[in-house]
Amino acid sequence: MDKRILNKVKTQTPLVHLITNYVTANDCANAVLAVGGSPVMADEILEVDEIVSLCSALVLNLGTLNQRTVNSMFAAGRKANQLRKPVILDPVGVGATKFRTQIAKQLLEEIQFSVIKGNISEMKALATGQGSTRGVDASTHDLGKDLGQVIALAHSLWKDTESVIVISGAKDIITNGKRTHIIENGQSIMAQITGTGCMLSSIIGGLVGATPEQVFDSTVTATALMGVSGDLALEKLNEIGGGPNTYRSLLIDYLNKVDGALLERRAKIEVR
Amino acid sequence: MDKRILNKVKTQTPLVHLITNYVTANDCANAVLAVGGSPVMADEILEVDEIVSLCSALVLNLGTLNQRTVNSMFAAGRKANQLRKPVILDPVGVGATKFRTQIAKQLLEEIQFSVIKGNISEMKALATGQGSTRGVDASTHDLGKDLGQVIALAHSLWKDTESVIVISGAKDIITNGKRTHIIENGQSIMAQITGTGCMLSSIIGGLVGATPEQVFDSTVTATALMGVSGDLALEKLNEIGGGPNTYRSLLIDYLNKVDGALLERRAKIEVR
Amino acid sequence: MDKRILNKVKTQTPLVHLITNYVTANDCANAVLAVGGSPVMADEILEVDEIVSLCSALVLNLGTLNQRTVNSMFAAGRKANQLRKPVILDPVGVGATKFRTQIAKQLLEEIQFSVIKGNISEMKALATGQGSTRGVDASTHDLGKDLGQVIALAHSLWKDTESVIVISGAKDIITNGKRTHIIENGQSIMAQITGTGCMLSSIIGGLVGATPEQVFDSTVTATALMGVSGDLALEKLNEIGGGPNTYRSLLIDYLNKVDGALLERRAKIEVR
């Protein structure tokens, strides 16, 4: 983790290009703004090349995937690779259908990703090409896996992709092959609202976009920021009362309010 | 009503497949999560069959309908019928345009729905094939109808479709031909935010998905839950202050917080 | 400004047809409802003619533009012109890509708009056909322009388009050639959430839809309402605490709560 990255995003305001789903697009835009980036959602193939040229990072999110936007994702990803701009993959729901699994496989073949972030079921489907994914949430079967197995999966994916790998869960695993960090922040209530995973890949885009020379540190910092914000939002919710939608609003508030000092104080990161 | 259904959703976490509009998709996903279900939005025709195979219920919502998603709705609906999974129809805006009215008519011809939920204008358009719908809200003309007429419309639609019929309004009418329940919960402020109708059909999907052998009871319970949550949210709003967007957040909070005992205490259901 | 317009929207409930982006569609719908209008989002070319026939105003928003919805925008705009219904253009991100700039140019050639609202970068791109737009936010370069230059740009655009021109920013410039008003309400925190610009064009649709004989006054009133709501939301946020997402919710609340008297008291409008 590098707490200074939070400041860098706010001073540089990196433009983050997101080709994403319509369910959580608003939350993703607000999350990028909260950390100090500037989001632009554009999925028309006639303009993605130019948007990529303007942006500091590209985020491809496979939720509500369709044949039209898939073509835009390939075009945008190739362009970003040409221009050496970081590309983040959020393989939402991969493993649930052959279409999604196949598109994800082709994306991995054609695009070099800087970061890939998914839950255990999605990441297992990426690794094996086969799915036990239950919709967009991790399957219960997969959640039972022990930490050693999850780390082994992360390493295996890193070897295959040369991307920083984030496997999100009660403990988030992040590895770049050389370094592996485990983050224990975050709360189970985060699974009671939609969009926390999508927001995480979006703010990874913001932080990596601001500091592309520090992809691993940016990814760890973004993941810790989401977890710490989740912790603080629950503390606040317990104080003021309310349910999951109040929690969601607090979570985005904290993505904006947590600064480097607070992040450092609250982040629980184990370095393996 | 069967208050135990609320617990069943939370223990079973039914997967609810929604093919829905991009205006309220986020609210619908959060509403399904709030009641304990797991939402998955997928509208690509290449994958809807598999998503239907994984899910416990399918919700088709005609808001922001387009030719691409219409094809996916027919495919998903047919597959759900084959697999005997419950399908819920929310005929948003039917009657406003020939396209919408015709698509709704074809859906009724080809798909067997477990539940159809709409406002008085939409349901009249479904019954007659002609519309006085004013956009997506009930027309003032239709709102003047007396309760007897609305009940007669519900019975007529039930005869035509063999679906549980919900006509939402100041009083919600629910019938399966044999039983007719009238729910008097809910507040007029609910019409000042977008998405309350869409959230209702979404949580009907959640409850029916958890208890497909109790379609009528699940539908009554979901409708009562939405109304009671609306009542409690207004009481809270009056206490803490704020406008319609604060109300919207409270409403989703209560969808999560209202348990069987509270629902039973607050539901105002007249059995005819 | 004409404070009576706020009442007229609430008594007339104008139907506002929005062809808009999926990022802020929910906020736009809630904003239209907050001021007293009734929003309908419909972008399928087979039905836009009929929706336009039902509506009081049409809003075309170029965010997440694609080839399919572009066709619907042209069809809807032409129909609205035929029926002499007001059309509002929000040229989101114009200048960022050739596709967007070209579509905007063609829209200006084929459709007569009642109001065009954009930030300085978007409006400069409209005027010159060339862009320095940085994604969807105004570029820093453009923000440095002095007020006289911005007013000159507004006048030039008015001459080219015969539309009421709104250039939003720290100071909002509104002109119809004969009259030019400068509004100083609004807060920089509004740029930390997505959708304030889209909500502004949406409520302009609501107010112009209710009083099409007063396009300039409606536009000034809507812009002042957004600014004053932004001011009041920040005062409230400072009182209760919270971050940008709490602010967003307060902002929509105030769009509903600010009445004519409060608007008049708080609006800072300079008439040139």
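Just so it is clear, A, B and C label the chains in written order, and each chain counts residues from 1 on its own.
We adopt the following convention: contacts are C-beta pairs under 8 Å (C-beta built on N, C-alpha and C of every residue); 3 or more make two chains touch, one makes a residue touch a chain.
Values in this document were obtained by computation on a predicted structure and should not be read as measured data.
Student: Give a one-word verdict, same or different, on whether subunit A and subunit C use largely identical residue numbers at their interface, taking over half shared as same.
Tutor: Mostly different residues.
Student: With a Cα-based fit, what is the angle in degrees between subunit A and its identical partner subunit B, given to the nearest 5?
Tutor: An angle of 120 degrees brings one copy onto the other.
Student: Can you work out the whole-Å distance between the CA centroids of subunit A and subunit C?
Tutor: Averaging C-alpha atoms per chain gives centres 32 Å apart.
Student: Note the residues in subunit C that touch 2 or more other chains, in rising order.
Tutor: 22, 26, 248-249
Student: Inside the complex, what are the residues of subunit B that reach subunit C?
Tutor: 21-24, 26-27, 63-68, 93, 96-100, 134-137, 191-195, 242-246, 248-249
Student: For a test of understanding, state which residues of subunit B touch subunit A in their complex under the given definition.
Tutor: The touching residues are 15, 17, 22, 25-26, 29-30, 33-34, 38-44, 46-47, 50-51, 54-55, 68, 248-257.
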